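I've put the structures underneath this note.
Paired with chain B in one complex and with chain C in the other, chain A is shared by the two complexes that follow.
After this line comes the complex of A and B, so read on.
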């Protein structure tokens, strides 16, 4: 009690002295640090818990978890070749993850990026052959635009269904993916088929001039840079603009947003369309940098891997970049683990699943730890 | 940017020791010395125990594992994207592989070609028939088998087993290789009874278990009583058919264990022969062939042992035809032959033996097949 009595009260505090001001500053800094630390410590703890659980799984298979993590390091990050391998696999995940992260800020769980990737790729591959002879500086943007428009329309439709018809966006986007892949197969095997592609139906191959090459000095294509730049832009959009602010309010409470007169329809459909455009761009890059034509190989699951990346990054576009590289490394090491430890490919999928569940579970801890929550300190006082 | 395959310390010790012991290292140079401890990489698009396409290759790879000086490394479920390029590169860089077999059709262009350009000293051989001398690098090549012959023999077994005279085919995509299999299956059955028809259902995907099961059910509901397929993993087709009481002919690998009573026979790849041929040539220091093809007579394909439900009459005709095919130059597709729209596709007197190039661009279903290529 004496302790409390000896403390100066806010009301009878004289004009703040230099030391008092320093104390306030220190307190503010402590609070900010605590809040910031939460955003790092909880995901890292989730990661560690996930890895620990996975170690038990590996041990139950009579294999060494240590060897597993050692190979994962060597295959994904441990050498320049391995790190480039990780980057190459991360490249398509960046844009695929944005397709999930952008609508997530409005509280929408869109999981159909795969469909937009496939159709965006098809649109980009279809528009290039008629433009043969036009300079690549014009054709490549046209291909990107075609991919983004088609991808944007595809996921934009999901947003429209959600807003006007109250169709659950998770289900509709997933089902539309099946339609997208069937549509792609139909067009690739029918009207858009290169007659020379006998046993692997594909569109006409892109001219070499319209292909995207590797980054200078690297064995990774330009998709990595494009993806990173778009992630930065998405972060600016969400965190630094009034549209992003409005979108976050819609995500917080749609009714409140409507009462405030926010254009909920435009925001919902607009953010979904942007998300689809990101996926469509990923498809265009996949065609121009890797495949060289559109065919069934495009449905490689990047859209689904993007869901994992977005959730692990907690839908923060800036966090998507490191998470995608981390996951790229995990995937890059998958082959080495198969070869050296004689574990099936599914092992890496189990790891991804465990990390995913651990991260989802960790969501419930935000704001609960006193160390990270200044509001709780004050309540005690 | 050129990169040499890195050789780990252990590998270097092993190869030099082996090379020195055999006294080969000096006269034949580094390439021969390396061959004494060769690492061979196999890449599969699906699971290597899929009872189908990938298992057939994995079985071939397993046949190399006992060979002296050969290390086999494998990776399964590798998609036809930059992933497979990186897998090849990783096998070369981290495991020192010098011969790679990327086995999925979609690995060839652009993935394997890109890696072959990057690693001109590494040998790549791809399953499929895509290699041509004027278009593709000399360190690449193709191998494939005339498995349509096997489907013709499947058809003979099916033709004897069917009571409804309706047989069924679950197919992935209407591409030439698949169409040849469907047509061969029906023509085999019609060699038994010309009134037999074959209903085909395309699932649109190489691996889509739900649709494959639906297709089998739909076929059997329509009165089909013998089913075969051309999808990556025939497991679902075989099991569903047997459960519904229909007979079944296998494909890619031996599926007898999945339906012991109902399995008639099956058209299987015999990749062990092919892979051994490559490795023996490699060990002998010979250049690997770029283009390899073969059928039953060459040991590239084989038939599953006939099942218990196969009648004596069926066995007799099956074995007689098999014996004919073993002599080589057996024409499954021969005129006069119409497609199922009524147009003549092979005129009278024309016959295409298994090696005929015309068969590789097949774009029709023959008369008696119910279904459409588009």
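After this line comes the complex of A and C, so read on.
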């Protein structure tokens, strides 16, 4: 850059003086800061507006919003114990949210992460018993791989249908979730059933050696670390690599991407498969760290909660981490709020719904405020 | 041999009966969604509207003892949800599909929130008409117990089919759905038309919910919907935005959903869960077969994001 700036221009204009260049630099910095600030201020404002609307709702029911938020703080974040609870609940949400955020880069709304979680978990649970006796250092990666492959194929198929048959991905992924849960129930009650599981049909339980334990000194399992690392990797992929850049072009305009010669098919199917692999990994972790075998409890709604996390994070993998912890804390405090304030446990659902709507509504404000949009400053000149 | 034992004949009869019994919510939600989608918007939030309508109908019926008042209350609630969706989607860069997902969450959450006290009490059912009087076989009689709402839904499908092609309102709706620019050139305001179309869609979806709590299965609990509101959106594509197609598709879905229980009643328990998935597989297969890249779906409104 400096090289270009110092080169003499073709016109007879003298080279810009040092002060002029400093002014340009300052202007660029100001523009960058304004754009960055917008990406923080608007989501936070949307969150606050959502909380304010929810407070009105609580107040209209003659309950104290202050008490509500105080209990939420205590139940989800206030003490080390409750914060660990929040982290434990956030762990599966990280990977589930990536299943929505990655295809979103291509402009696809995939809401079928739940199906990939369930089948990934089933694959992981099914592959472990035949490998009994093999060291866990080999079995755990094999389980993770099985979950990721199955999950990747499942959501990859959604991408393939989208690309080659123009089947709407939102609806197909959702239909495939119902099919996945039925498939899991069928296999768990039939071919893969552990005969000893009477009341609750399950696969053979995992050996203790193949279970994922808690982080040292914590009550939270390793899934939190894995999820955070994968989120970071996804951010690098999307923001720092040419594949991520190409995916964004496809998301902006498919025709333009095709004219540029971008491999639209590979990008679409690849990003969907990666998304499914994330969800499948979440399923594997759920089996190995929490459930111990595959059964109907796997369809616990993490896939759906992940949709909320991804949208609140505006599909930014780095933002997914704090948002997941925030929502984990909200869910962790549900029980306390229910007991102390005599509110139904669906209160948390209502809060999530209000925050969701407020965040989506805030999309309309991007680029509208003069303070954040350098294009609007320049227009007055 | 007593009249109750009809062996394998019970399966088709149970499927027909199930199709009629289970299809009504699909029918109303898909008709509502057809109206909305014909105006060029998609409302995935009808699942939330359906659940909220189910709760409202049940709660009002428990209090007033009149199921029809319950249906009306559900319609009012559904209209409000539709108006909200229609209003918020009017703003630039607000995504109608995403808002639908959010409203699904919000509607379900509000329904569970306010519906908690109504899980226990029981409410009177909507009336049904027995069309099986000519038969001695109890299965046939049971299958032909037809709810009034099913008949209303069938009539509504016919009416909408007629209205879309011949009435002024139907044509306005289709113009707005096919091209916002053309509509503006005609002096129409697309946002207003879509607002009203989404409101009408919400009202109809809520009737589907009322049927769930007031007739079949006939009580309110948090598992009352098994995704009918969402499947109906797929069903509309399946039906090519044609109300008569919605009627046929709803029956097909109902029948496919009744396959598992029908086979179970004659002792086939193998693969119960796979039969349970039949309607979903059916929808997916039909979507794959009828979609094609490079061209819009036949009959799809031009402004619809799903069809683009």
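Rule of thumb we're sticking to: the second predicted complex is superposed on the first by the 359 of 381 C-alpha atoms of A that agree within 3 Å, B and C clash if a C-alpha of one lies under 4 Å from a C-alpha of the other, contacts with A are read in each partner's own complex, and residues count from 1 in each chain.
The rule we apply is simple: a residue touches a chain if its C-beta (ideal position, glycine included) is under 8 Å from a C-beta of that chain, and two chains touch if they have at least 3 such contacts.
Owing to the predicted nature of the structure, the values given are computational and were not obtained by experimental measurement.
In the superposed model on chain A, is it clash or fit for chain B and chain C?
clash
Would you check which partner chain A:179 touches, where first means chain B only, second means chain C only, and both and neither mean what they say?
In the superposition, A:179 touches chain C alone.
After the superposition on A, what does A:315 contact: first (chain B), second (chain C), both or neither?
After superposing on A, A:315 lies clear of both chain B and chain C.
Touch check for A:344: first (chain B), second (chain C), both, or neither?
both
In the overlaid three-chain picture, which partner chain does A:189 touch, first (chain B) or second (chain C), both, or neither?
In the superposition, A:189 contacts both chain B and chain C.
Once the shared chain is lined up, is A:199 touching chain B (first), chain C (second), both, or neither of them?
Only chain B is touched by A:199; chain C is not.
When the two structures are overlaid on chain A, which partner does A:354 contact: first (chain B), second (chain C), both, or neither?
A:354 sits against chain C, while chain B stays out of touch.
By the touch definition at the top of the document, which applies to A:105: first (chain B), second (chain C), both, or neither?
neither
Based on the superposed arrangement, let me know which partner A:75 touches: chain B (first), chain C (second), both, or neither?
First partner only, chain B.
Compare chain B and chain C by how many residues of chain A each one touches, and report the one with more.
In the superposed model, C touches more residues of chain A.
Could you give the residue numbers on chain A that contact chain B in one complex and chain C in the other?
182, 185, 189-190, 344-345
Which residues, counting only chain C, touch chain A once they are in their complex?
Interface residues on the chain C side: 44, 88, 91-95, 97-99, 101-103, 105-113, 116, 227, 230-231, 233-234, 237, 270-274, 276-277, 280-281, 283-284, 287-288, 291-294, 306.
In the complex of these two chains, what residues of chain B are touching chain A?
Interface residues on the chain B side: 1, 47, 73-83, 86-87, 89-91, 93-95, 105-106, 109-110, 128, 173-177, 204-206, 360-361, 374.
Show me the residue ranges of chain A that touch chain B in the complex, using the header's touch definition.
Answer in residue numbers: 74-75, 81-82, 85, 88-89, 182, 185, 189-190, 198-201, 219, 221, 286, 290-292, 295-297, 300-301, 331-332, 335-336, 338-339, 344-345.
Using the touch definition from the top, list the residues of chain A that touch chain C in their complex.
Counting only chain A, the residues touching chain C are 109, 111, 161, 163-168, 170-172, 174-176, 178-179, 182-183, 185-186, 189-190, 304, 307-308, 311, 344-354, 356-357, 360-361, 363-364, 366.
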